[in-house]
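Both of the next two complexes hold chain A, though its partner changes from chain B to chain C.
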Partner chain A sequence: MNWNAFLEFVRGPLFQVSLLVFVAGMLYRLVRVLMLGWSRDNVPSKGSKGGGVVKSFLKSILIWPFIPWVKRTFSKNPVIYLAGGLFHLALLVVLILGTAHMLVWKSLLGFGWATLPLPMVDWMAAVGIAAMVALLIHRLVNPVMRLISGPSEWANWTLVFLPMVSGYMLTHHMFFRYEVLFSIHMLVVDILLIWIPLSRISHFIFYFFARTIHGVEFGKRAVNP
Partner chain B sequence: MQTLEAMNVFVEETGGWVASQLEACTRCGMCAEACHFYQGTGNPEYAPVWKLELLRRAYEQRFTLTGKFKLLLGIDKRISDEDLDHWSEINYYACTVCNKCSMVCPMGIDLGPLLHEVRAGLAAAGKVPDDLMVAVNKQIEEGSPLGMTSEVWDSRLEWVADDWDVVIPRDVKGADTLVVFSSIEVMKFPSNIAAIAKILNKAGENWTVSSKAREVVNFGFYEGSEEHTKLFLQRVLDGAKELGVKRIVVTECGHAYDALRWLAGNLIPEANDFEITHITGVLGELVGSGRIKVKPGFFDENDSGTITFHDACKIQRRGGYIKEPREVLNILAPKSFKEMTPNREEAICCGGGGGVIAIKAADPMRYAAFELKIEQVNKVGATTVTMSCSNCRLQFTDGVEHFNLDWKITGLAQMVADAMED
Partner chain C sequence: MPEETVHQYLQKQGVSRRDFLKICGALVGALGLTRMPPFDESGLPGNLKHTSVKPIDMVRHALETKPRLPVIWLEFQDCAGCSEALTRSHSPTLVNLVLNSITVEYHETLSAAAGFQVEEAKQAAMKKYAGQYILVVEGSIPEGDGYCTIGGKSALDLLKEAAAGAAAIIATGNCASFGGIPKARPNPTNAKGVWEIITDKPIVNIPGCPAIPEAFTGTLANFLIFGSLPELDGLRRPKTFYGNTIHDRCLRRPFYEAGKFAESFDDEGARQGWCLYKLGCKGPTTYNACATIKWDAGLSFPVQSGHPCLGCSEPNFWDGGGFYQGQSAPLNRPAVTVVGAAAAAGIVAGAAMGAANQSQKKSAARKSKKQKDA
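The block that comes next holds the complex of A and B.
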């Protein structure tokens, strides 16, 4: 098999098609939800809706990741909590502050930025992979997680895990030739990009809706969200 | 056919707010750890996300490509009549719609109102537990789920006025404030009526009760039926309109306050003509401003042991009266008042709300959930538990008897009345 030709395909035309599907798919999802209609709330508020929204986001950005032990749910299950948080942190660090990924962004956006040294990004990637394994074990053994996990949930885990682990192997030139690993990494990234609009990985957009609604509902009642 | 009825409601109610929140769910399962029914029983089906399953399926299969595709592949199933029966039990037996789950959701999904939509679908399909439906029908026919007909109301109120030697203004046209009691208070905690009457008289309020608006309890809201909810809300509003009051004060009843304060104005626009408030807010204002004089430290001197306050889901977490009870208790019992953990908006629900206490078959779940409360109260070493919701109070009174606990259960209004200076 000509791996070089395959690599050109998966990082070239297929990547572009996948990106297009990803963007168009997410836009479709967004418009679809927006078009379903939003009822007006005519009841006078006790507190401030806007204030509630601000607090709701602050809680999500400052309290949840940094002082999670204020929550009982944290003390009940700290490993899973940390795994979830570290996974997202690792994802952001590697995707935005990793040099290789920044160069992809640069080719798409036309500008780049300073990145972290490779060893740091590499450690974050390892942390992210370990977190994913912890989350998988949790999903396999916890009775609630087993109940609410269907084929889509397993697909989500697999399709997020493959780019991470192939990227890690690529950085370390593990087991296979460089072009083979690079091709596989790009292929699974392409598949993931197409999968996201079809799955719950799209929560990164709807998160903003849910947080806002939560803030409005608590704010109007003058309760801390 | 029943499934169709339920689906229709799910589809109708699915506006952007339902859809966007269902889409935000990552199925992380964290909400389970917040649910007192899951914690109390360990049954994974009581995870709030699983209780929503019907609404999720209806939404995805009707509105999303993935949902239609999954249906085609046989990965997702259509909702069947058996599913409705199954989720009816999960939702009505083991959920008080207390909304604690929304406090722990990393996405911030407001699960309570979504769970209410599940009930709406089940109600349309006629899948409401019999015990609850009996109560709903009783309220439709007799005006009260506890059988508080107009005659019973008259005689109970006369008896309270006589026995506690208190004036209760009835059907006074042109009064400023209409006080709406729950039948739980009238029938089970009559001293609460006397207590609130004494306080309002002492404060010189121009208030009244109404025989038309005699029942503030709303079993249609528990059921999830918008039609019945509206019918019962309308009765209260009609009573208020007839007497020409400006303000409606809901007494110690949680869900009734939730329905009247936050829902009525969107179902019946004229509800917004009234200022709708809760007795906890009134107590906070009267005591705080000194309009009624209470003996500071009254409950410290009476050696009643440690007193703790139970936050009701609909009055504190979803009502916003969080600081008022603390202010009052810090005057009445600055030394003996101690907080449970978690408290305030993070409090653990009593386990009896949402109509659960009215369903006999739900008793095992209800008691299992109450065990969390027992642990909390014992941890703080309290011998008196006070609260501002008579539905919680019913659950506590019953729990104390069931578990043979040596606690005194009381209400905030009762405590204020007891500590009032003559």
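The block that comes next holds the complex of A and C.
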């Protein structure tokens, strides 16, 4: 098999198709969510719904992730708190501040930005991979997590883990030839792009909708029948 | 009278025995003969089979006993760059030796004769050396009608005619190997590489733009000495010269590992000789010997001179994304209209499903209200 030809396919036509499916799928989901509309207020609210939303965002973005004792997030479940948090941080750093990924954004958006030195991104990638492994073990060991894990949860984990690990091996030229790892990396990313709109990985958008709805509910000062 | 051997020819040219042995040693080095190739193909006397034969003895024996190798060199859709690179090569030992050890019976660019005479000479050579000559092809072959004819014959016919009597075919340059620039989209001439057309002959690809002269002559020398082709990879490239990527042997590799990249062609990074990955270097996926053999007698090669590798020894390099676009970027981005259409499709589908959902909800609510009222 000629890996360079395969690489050409997964970097070219397949990536484009995946990207289009991703865009169409996410917009479909977005429109569906927006068209659900607000729940009807049967009783006039005395509180400020807007204030509730602002508070909700401040808490969930600035306070809860970084100050563990506010909601005792760390003591309740240290694995989820540490591994989950570090995984998300690593993902953001690698995808946005990694040079190779910035070049992808640049080719799609038309502009680029300054990136972190490779060794720093590299360490974050290693941290992200370790966090993913910890989360998998937690999911396998914890009885509650096992109960709520179905096929799509395992697919989520696999499809996020494979690009991370193949990307790491690619940068370090481990075990396989560069174009082989590059092909595998791109293939899994293409599959992931199609999978995201179908799965709960789409929370990277809908998380903010959830926070908004919660904020509105918390901002209400009324008796809801 | 038996044919003149390579050694006899060299003696006539004034090469001393001492120089001859030096040349043999240089050949061993250039071919990377660290271990013995298969004995049966070597042409050595059978009584040496179980004794320890050094590679240099094998080379010496071959040059002393074998006649010069006849070569017919065809050019199709090419720029003669591979011929130019070969004739202007600055590594005298290897290239000169090999060029002295072969007789180029026909070469469109180098032949002094022209017209019908030279075509007749080619026919005579093909007859005389039938089954023995090496056919070198430079340039891609158009399968479309009416492109690239020589003496009234199409390139396709010329190739088939010459390939029929060839012992082996060497496709030099990316064009003859994989179609090269003539094959770039939209490929108006329906250009093809030799191995896509000729399937019943041993073929070696020496891709590159141009092919590295040492890689070409090394392969030729291999055939001259052992009577067989060197070990090839999946794309029929000799592993000796195409075993590693440019990236693997790059002098800027430490900067890649350290994450130090030139951002433009005239910034401080470029002046410091940092890695050219961000400027579009295709070194990581390009298999060739540029970084080790280099060009102009080991003077430099593109990456050393500050230009990213274009990947010219790989198939379809011309269509492999922008030359100055980092390799991690997708090959091409979808057109804005296509993205817009996909987005519109998603929105419309979402709106339709949402509306259907809402009307279903409303009718259900009406029904339950009716039931309550009744």
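Everything below uses one rule, namely that the second predicted complex is superposed on the first by the 215 of 225 C-alpha atoms of A that agree within 3 Å, B and C clash if a C-alpha of one lies under 4 Å from a C-alpha of the other, contacts with A are read in each partner's own complex, and residues count from 1 in each chain.
We take it that a contact is a pair of C-beta atoms (placed from the backbone, for glycine too) under 8 Å apart; a residue touches a chain by one contact, two chains touch by 3 or more.
These numbers were taken from a predicted model, which means no experiment stands behind them.
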| item | value |
| --- | --- |
| When both partners are placed on the shared chain, which of chain B and chain C touches more of chain A | B |
| Which superposed partner A:K46 touches (first chain B, second chain C, both, neither) | first |
| Touching partner for A:Y178 - first (chain B), second (chain C), both, neither | second |
| Which of chain B and chain C A:R32 touches, first, second, both or neither | both |
| Residues of chain A at both interfaces, chain B in one complex, chain C in the other | 29, 32, 34-36 |
| Chain C contact footprint on chain A (complex, rising order) | 1-2, 4-5, 7-8, 11-12, 15-16, 19-21, 23-32, 34-36, 99-101, 103-104, 106-108, 117-122, 173, 177-179, 182 |
| Of chain C, residues touching chain A in the complex | 234-235, 245, 247-248, 256-261, 277-278, 284-285, 314-316, 320-321, 325-326, 328-334, 338-339, 342-343, 345-347, 349-351, 353-355, 357-358 |
| Parts of chain A lying in touch with chain B, wherever the complex brings them together | 29, 32-44, 46-47, 56, 60, 64, 71-73, 76-77, 84, 142-153, 198-200, 202-203, 206-207, 209-211, 213-215, 217-218, 221-225 |
| For the chain B and chain A complex, residues of the former touching the latter | 14-21, 23-30, 32-34, 38, 42, 44-45, 47, 49-50, 63-66, 69-70, 75-76, 102, 104-110, 113, 261-266, 269, 271-272, 316-320, 322, 342, 344-346 |
